[in-house]
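Below is one structure, written out as structure tokens, with a few remarks after it.
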């Protein structure tokens, strides 16, 4: 196992390099001029020219690449011209809000979807199967931000159960000291339970929206894989030689789990993208909202910095998924 | 019942010419020391063919018999260079095929064809029957569409397919019809030599017999040479002039059909024959079954591959060295160290059985 | 082709779900063609005498905060959404198929590397990539199409590649070599047609995803800008409105968007069923 982890880490480092190179070239090769974007909409010709020099865009591509890599290794993502802060600092402050949402949504969706899918596969064509199938069909079609909006209308406007979508926690409460950046965790650590409660209640709707959106795909995948496994020769064999039903079922689940987990890995990018949109709806003040704001203000450094961080988050999640899969799947050799 | 008789009549003249007229028969294919192994990811290799030699004359059928996984298909694919042999020599009408440049190989292709074990998979699902049979003609002749159409009709009637099937797709045909399409395609360019890789194993018994008849008739009419691959001994007995027995990538016995079936020498051949009931009363069934498992083709044992399962194995010889071919006359070759022991052992078994 | 159409129709007729998807897809395609002409009001005309009106017989879906008729805007939106999605998807399908065939057919280091890169891109948050790229290349419809088109290339490349892998190992390719086909003819005549099928079967499904992506981008203000009638942008203007109970402003465009994606998804599944060789 240890050797496998090392190998996987090594691959991730290579992937990371790939990402950095990819981001650099895609940004430079796209039509459009970063200098014009960075200089802002009202900049004069000379101002754009100066910005171009400042950004080193007048140098040859290779030299730019070297400079960019040097900067990156120092953890320097440049300065945001909107907030005036270091982009790296801006991102660090907002990081945990986003991550906690991603983790809650991923784990929540997985934990709900997998049992549902297994149950469906064990009782195909039952009423439950048909209802959940319709749900699966619908869930993939509506964007998560729309689901979020409907939840807001129902639970905030009509029923009044949920707090308004006005941030990480109620603006009337004094925020806890900054430790991790997540008000929920910080509130619990510092004993500011009021803040923690408020932060938790502000996370409920966005989490549910994400879970509703992503459960469907995972459930569908679990159902098809499980049915496939149940029809496979070795399960037939296990039934034939008279193994207890429960043993066979667990056997099948174990074998069906692995492809589903790798699907979750592939979908994680989509989930992170969805989080950006959900943050926007609920003004959660995480990376996503920052990115959207930078996008609307054409904040070049902030946007590329965010892109790199988002890619890194994806890679790390992918690594986590792979490791989980390796520990679940009996067939993977270390 | 009468089949056995006609069979003997047919193989008779060929058998009798073996000593005197042999130089007159043109060898179409000579295979020497053919080896093919597949490297696995973990550095080990699968030995699919190890050191196999045989030859084939014009118009002759060589039956190639062996259990599943013994390397029969691999031999066929190597002969046509559909895969690259690891080493050895394959001479086809005097031309060395191994290492033949791609361009020259392509020029030879029309003369040697293959009928595939996986009948349906060997037909492009997006082409109609007519297009499939037409393809070789289109590629290799300059005939107009009209002439080619006539030729297609002719080919299809040769394999007993109705021309009305020409516009159908392979999946709309029965297994037997699919195989006929495969045969029509293979003989379209009038090849010299055909590899028939278990042409009937995927078919039901009726189409089985039909295909065998078609193949036999075609050979009589056009003088094709066949390498007939099968693990169905009755079919082999029905169609072959000579028979080669394969065990775990090695050739262990080869000879004229009557020699192999009436006086098998190798213990493995004896075991194979004992498992089948022949309609021909002259072939005595042998009450003998091999025990034990076939060794893995990945880690081949040293010495004779049958050593662990052989009832007449000689310790110290059989487990150290693979036997050299022993000539028993009439082109009958056997790869065994202890031929006398084997002979005695099986004669005794048969006598015991007859006495009982 | 006739056979295929009739068989397709048979399949669709047999299932209520496919029938629903088919009819609703056709409706969206009609709206794409002539939606703006069917609209009772000018979708861009804001009537300051009647803003924030709830649904009524006058304004079926109500009016928004600047007095535009939501029904007219909802049925005009396919014009822009579907056009962008179609063009972007065509870019992806063409480039993706070419790359898929290349990476599937050639077994050397650069095709291997290309395949890895494509896989890697597919793992990344496409929404975030697209958002960044659109902002940097300049926000206009043309760039939106190009960027979305490029970032969806891996979906098709991957589908085609794995199919090429399977097809090139199949027995009928071996038979084709035996018949004496040239390498070129084997690639273009035997491998290519069979390998492209999964790409165009998936076209409809991906079209749905692309529509989602376009409206998500517009929702954050990076794609199509208001007041153009576009579902994502319309939902976005409705976000503050829903807090004060004006639910119809974002809900109707959202429902239309989801319905459209759903229909194309169902059509994709139906196509899958129709093209499934095991059913033939």
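A, B and C label the chains in the order they appear, each numbered from 1.
Everything below uses one rule, namely that contacts are C-beta pairs under 8 Å (C-beta built on N, C-alpha and C of every residue); 3 or more make two chains touch, one makes a residue touch a chain.
All figures in this text were calculated on a predicted structure; none of them were measured in a lab.
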Touching both chain A and chain C (chains): none
Most distant chain from chain B by Cα centroid: A
Distance from the mean Cα position of chain C to that of chain A, given in whole angstrom: 22
Inter-chain centre distance, chain B versus chain C - centres from mean C-alpha coordinates, in Å: 53
Centroid distance [mean C-alpha coordinates] between chain B and chain A, Å: 59
Contacts with two or more other chains, residues of chain C listed in rising order: none
Chain A to chain C touching residues, read off their complex: 15, 18-19, 22, 26-27, 30-32, 34, 36-37, 137-138, 140-143, 145-146, 149-150, 152-153, 156-157, 164-165, 265-266, 268-270, 272-274, 276-277, 280-281, 291-292, 295-296, 298, 300, 303-304, 306-307, 310-311, 314-315, 318
Contacting residues of chain C [partner chain B, same complex]: 170-172, 174-182, 185, 190, 193-194, 277, 280
Interface residues, chain C side, partner chain A - complex: 17, 116-117, 120-129, 131-133, 135-138, 143, 146-147, 208, 212, 215-216, 219-222, 232, 235, 238-239, 242-245, 247, 250-251, 254, 257-259, 261-262, 265-266
Contact set on chain B toward chain C in their complex: 77, 80, 82, 106, 109-110, 113-114, 116, 118, 121-126, 135-136, 139-140, 169, 171-172, 182, 185-186
